[in-house]
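Okay, so here's the structure we're looking at.
Per-chain residue numbering starts at 1, and chain names A, B, C, D and E are given in the order in which the chains are listed.
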């Protein structure tokens, strides 16, 4: 493995990698840069933007227009809540599929996954009517329920692939040691699967955070998350690049930071059993 | 493998998920199915009633229908192609010894965290905009007339935006897969006289096949419901040039508030999606065994 | 007890400004708390419509336009506003606007601001070209002016028009243009008229104008995009909503604030209709809300003369919401601050929602057709025109498509057999 | 405590009968080893006793109690897995304490028992480590510790040493034997390693395809295997089998003779042959001699200076000759 | 073809010198085994020869050609990996044909050579299977097949048998030995299994911490180990070492005596002791005897009726006594 890689080759590769990484990241970088510009500067040609002066003004404007923190808090509650509940429901299911597989297990898994293929727009009205009747419109609980169900198949699948890596022996050992089913799951399986559960949590928080259809359609004011916050900027009047950039930066920053910090965790988990 | 007691427990443990998902699927779908045979426009209450297959007839004969079908395929296929091929190349690159690997990785992964609405807005306004977009500035700088991406090549533009968002996902999975390749296998191939290209085609690529199928499966699920990007950038236009099936259903049910027609469209979309699903599941199912 | 009302509103400047002035309302009505839901127009319309049609009850005050009010009023979805106090002075509302918001003699929504459309142009460029804009231009005048002002080398385009698909975007503009060519959407049997000469002329001239003198990417330009372009000085001329006038003349946002001239919307020589529309963003209360009183109080405040004065005091007369009250146009301070005031008023008064076209029509609405199906049809037709503008199909093809799809939709909806 | 009786126990996975009805009695305090080729059902049998699998028929009694339908935890048995099956997220102490915690023992009892087990197993210094920080042998000891604290009626071991390297295996083998001498608890031990079976067992159970071929002490099996299978399975290197005329001479269908019971000579002997591969270990020499009766393996003590191609004569020790009939049963 | 010479070859990973400068000559057709404890650098040395690692210094010659800087494929060597490193998505046939395909051989040649290799290795029936469908031993053979078709100057094996179970290991060991006799190609074989080293090698290279401790034929190493390390490493069970007075008696710092070179008696002998654990294998008996000089392992032939606690006397065979000085060097 460790044959010498010539420094030149390494340098060339580094250069290529950095250029490509920069290009991929550029749209985000550019958004962040523009958010610190005045509207007038924001539409200048790229080079001039860098030399013009910087300010936080757009952020103040955005905060004044729409209460960022309320939206942010709703996003946190909804994405975290839906994922946690999904985990609680999914862990037993994944346990069953991974450790007591039957002939149907794989079909059940695939069926669950296929429920994700249902186009949301096609069922909005039925869901809307139900939500109205149950008083769930514009409530966080309602959104938590919907997003939880939306992501449940993915959560189950991810957990299933992790659990399968855990040797059956250990659970049997726990059984021999007198553990009941619930202590087996609580004291042995779950702690062992912590890395897997963490990355499942992360991925699904990201998915829930970014989900824009249901969150937009089922909320008004009280439960509106950041996706609704952004919807107020999708075509504002006049010059708006800086404001749009500021709003965008605010909307993606939390998840971007979370994602970066937990990058290793996420990467390890993101394989869906694709890698053995 | 298991005792009767544990099998019973398993059934108990799995049932909440199954029941919830069954309800989640069956109830709205049942209602949708019911609506699809009704004349039901939100804006015209009191005009209801059974209409038979009318809604289906109108949806299927909608001139936009075939365009939408084609666009859906173009979008899903295009994004898959870009992300899988790009992902493999990128994974190969990131697998090299480079300085600052951690930072490069962080940069590459970033688009995955961006909300679809935001990324569509950013691309539309800051990049594709033919007057103020960066591409326009670049074109101007080198003396070319600006190209109006969203009007002249709407599907390509949307595909690019979506591919940008999903490229990190594909890259990450493929990179992990690549790194899981037994280094002895590569060394064996090297001993056998395989050059870099042969090693790639004969050893790495087949090894990546499994990861690639998973990438394809997961992405297809999400890509079939691509919506925000289209709504924000082109509104399905110009004409129907970027209307996908999902968007068409959206137009029916939420722009025209024709719940009946939308429901029929939804049912058709579900059927088509399930055809794709069965096909995909076959593929992945086989891979899950291995 | 404190009542919280939820107000759904559109994210345009006047509405956003109101949110900044809520202190005044809170002082006057400490027992009413207002929650704002600010959304982009299309999203707003979709959400509000879904909510009201399903009686979801998420909102207590809706921001809707002249298109929705007659339809929804007729459905009984809105609370009539016929018991406004005298201090509100209902009779002060501009008659054209009031007519658009009234169904069977009852006012169903209070106008927050009203608008028509007219021509905004760059005086400096016209001067440079040695031309002058007539106060009542014809399409030929417009074309000449556009040709003269275009300077693509320097990023100046003679004319900016809406190209983005949507019944409230390019379809609105093209409908008024067609009106001014003597055309109409439907004949008295609800037969679509895209195969008639006025529409052909409309499309031909529109495409000519835009292809020769328009900015690149016009097919995705709507009101906001064009506003941005004009403010940056990239457009020589822009035919659009009268409310834009205050934005393009506001030196804070606009680089050309002091160089803008105004003229009435054009017509074709010999046609008695001009290409000006009529629109009012209005506040209404969905039937069935539990908080009718509070909602009414809010609407009263938001559309009152008091509010106008409040804005004037805080932001200057140029920024008050225009186009709703006669008294405003008699106020000398306003007339001074807003050089476009008179033209705005003329434009509004010139529009007649009940007789939009030269020939008789079975519908009301100037730049739209006030039937529920119009949103869909208008948008689909708009998409065809947008495709034509993008060069994907010919104008002729667009008209053919528009004709057949409209026929189809009308058949589906049961207007024609 | 620690008697286990299987009566007509059988097990089928779906249609495949892995263990046909089988009877077995294990006495208190005995060290019983199950041996047999891979896939013969050793693990399955152990898991049936443990309760990790349901029997398809028959009955299991533990200490006279019918236990066929008891869940694993209630049978009073402890199991040590091949993979150790330690809880990776718990310290050694917690691992050992886990069964006690599950039994809701009070903290004082737990501490005392864990300490005691750790002392017995020389783990006292490692109590705060995680399994990942231990060597293979130490892990194995933790697994045993976890079993000990429950003071089970019997220990079940499923190939506990097969993941260890050769040297360690020898040590652990000794340790387990010593543990048995100390605790005197019944132990059931599965292995496919002959040496383990021979050196550790009080009683060896030889299984083939789920059937018990023979039960007996190691030397009983070595000296008087009941049939050809057992004869060939026990002893290393394997017994040589010779059929045909030569066997007929001894009135048998097949005769068997172990490599260590054959004398080599370069001058004279019963069978003539040529040396094929010869393996010189220093302490022993293994010769593969090609004779008229096929290849015969012979073990010579110390260094035997014979090499490939040399002609030799072999003479079996007739006292150690095993005779089998056509069914393979010992005569 | 197949001479390999290392001149002052050294290897460092970063700052750690894993292999200090080392000279070694391997003759054509020789079967050379590298043994040594885990981590001593066996694999590294093999990989240096293969070209899979760059040397940090020194030179490698293959067949007289300086090959230090040649890429692996151009050295004319073939390697068999511990994990087999088969290509899982290719059939056995394709796996074996891969090196030929890479060398752009024509189809007829490929077919002929693959068939030939398959015949030699008894793989003909499995040519169309995937590696995943093969048993461990068969996989190992495929890996060897892949090496054979290239007709290399030398084969390099890195612990090729360590993933196999005991019985299979014995078989494969014989197969590789036979293959060597058939092909007469140079083979370099890494293992940490003593028995493999002793039985297969023409020449054993004992490594410790990257240094060569001794090079010689198996019996040379068994009989005259150059130092204590080699003495302890070669031979199983391990040599007993005794220091102190008893050693001084023989004029050495330490004396060593192998378990098989000690006579046991219940009545008289040089050292008195008590039997600890006794392991009865039938063919042999291993006794762990506690004496004044520590525990001494003794091997008795066949069944020895001694058990734990019995008093015995041990007498070393003085001819087989090894003496070491304070540095551990043999005297």
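Everything that follows uses one rule, which is that a residue touches a chain if its C-beta (ideal position, glycine included) is under 8 Å from a C-beta of that chain, and two chains touch if they have at least 3 such contacts.
The shown structure was predicted, so the numbers you read here are calculated from the model rather than taken from an experiment.
Between subunit C and subunit E, the least number of touching-chain steps is 2.
For the pairs B-C and A-D, the count of C-beta pairs in contact is higher at B-C.
The distance from the centre of subunit A to the centre of subunit C, with each centre set as the mean of the Cα atoms, comes to 39 Å. In terms of their C-alpha centroids, the spacing between subunit A and subunit E amounts to 53 Å.
Between the Cα centres of subunit D and subunit E there is a gap of 27 Å.
Between subunit C and subunit D, the centres computed from C-alpha atoms are 90 Å apart.
In subunit E, the residues that reach two or more other chains under the touch definition are 52.
Residue numbers of subunit B whose C-beta contacts span two or more other chains: 1-2, 42, 132, 187, 254. Those residues of subunit A in touch with two or more other chains are numbered 43, 124-125, 129, 231, 233-234.
Those residues of subunit B that touch subunit C in the shared complex are 41-45, 54, 58, 63, 124, 129-132, 136, 145-148, 150-152, 231, 233-241, 251-252, 254-258. Listed in rising order, the residues of subunit A touching subunit B in the complex are 1, 5, 10-11, 13-14, 16-18, 20-22, 24-25, 27-28, 30-31, 34, 43, 45-46, 89-90, 92-93, 95-97, 99-102, 106, 108, 110, 112-127, 129-130, 149, 152-153, 156, 168, 181, 206, 209-210, 212-213, 226-227, 230-231, 233-234, 241, 244-245, 248, 251-252, 255-256, 258-260, 263, 266-268, 270-276. Subunit D contributes residues 51-54, 71 to its touches with subunit B in the complex. Touching subunit A in their complex are the following residues of subunit B: 1-2, 6-7, 9-11, 13-14, 16-18, 20-21, 24-25, 27-29, 31-32, 35, 42, 90, 93-94, 96-100, 103-119, 121-123, 125-127, 132, 134, 137-138, 140-141, 164, 167-169, 172-173, 175-177, 180, 183, 187, 210-211, 213-215, 217-218, 221, 224-225, 227-228, 232, 245-246, 249-250, 253-254, 259, 262-263, 265-267, 269-270, 273-274, 276-277, 281, 284-285, 288. Residue ranges on subunit B touching subunit E, taken from their complex, read 182, 184-185, 187-195, 198, 202-203, 206-207, 209, 290.
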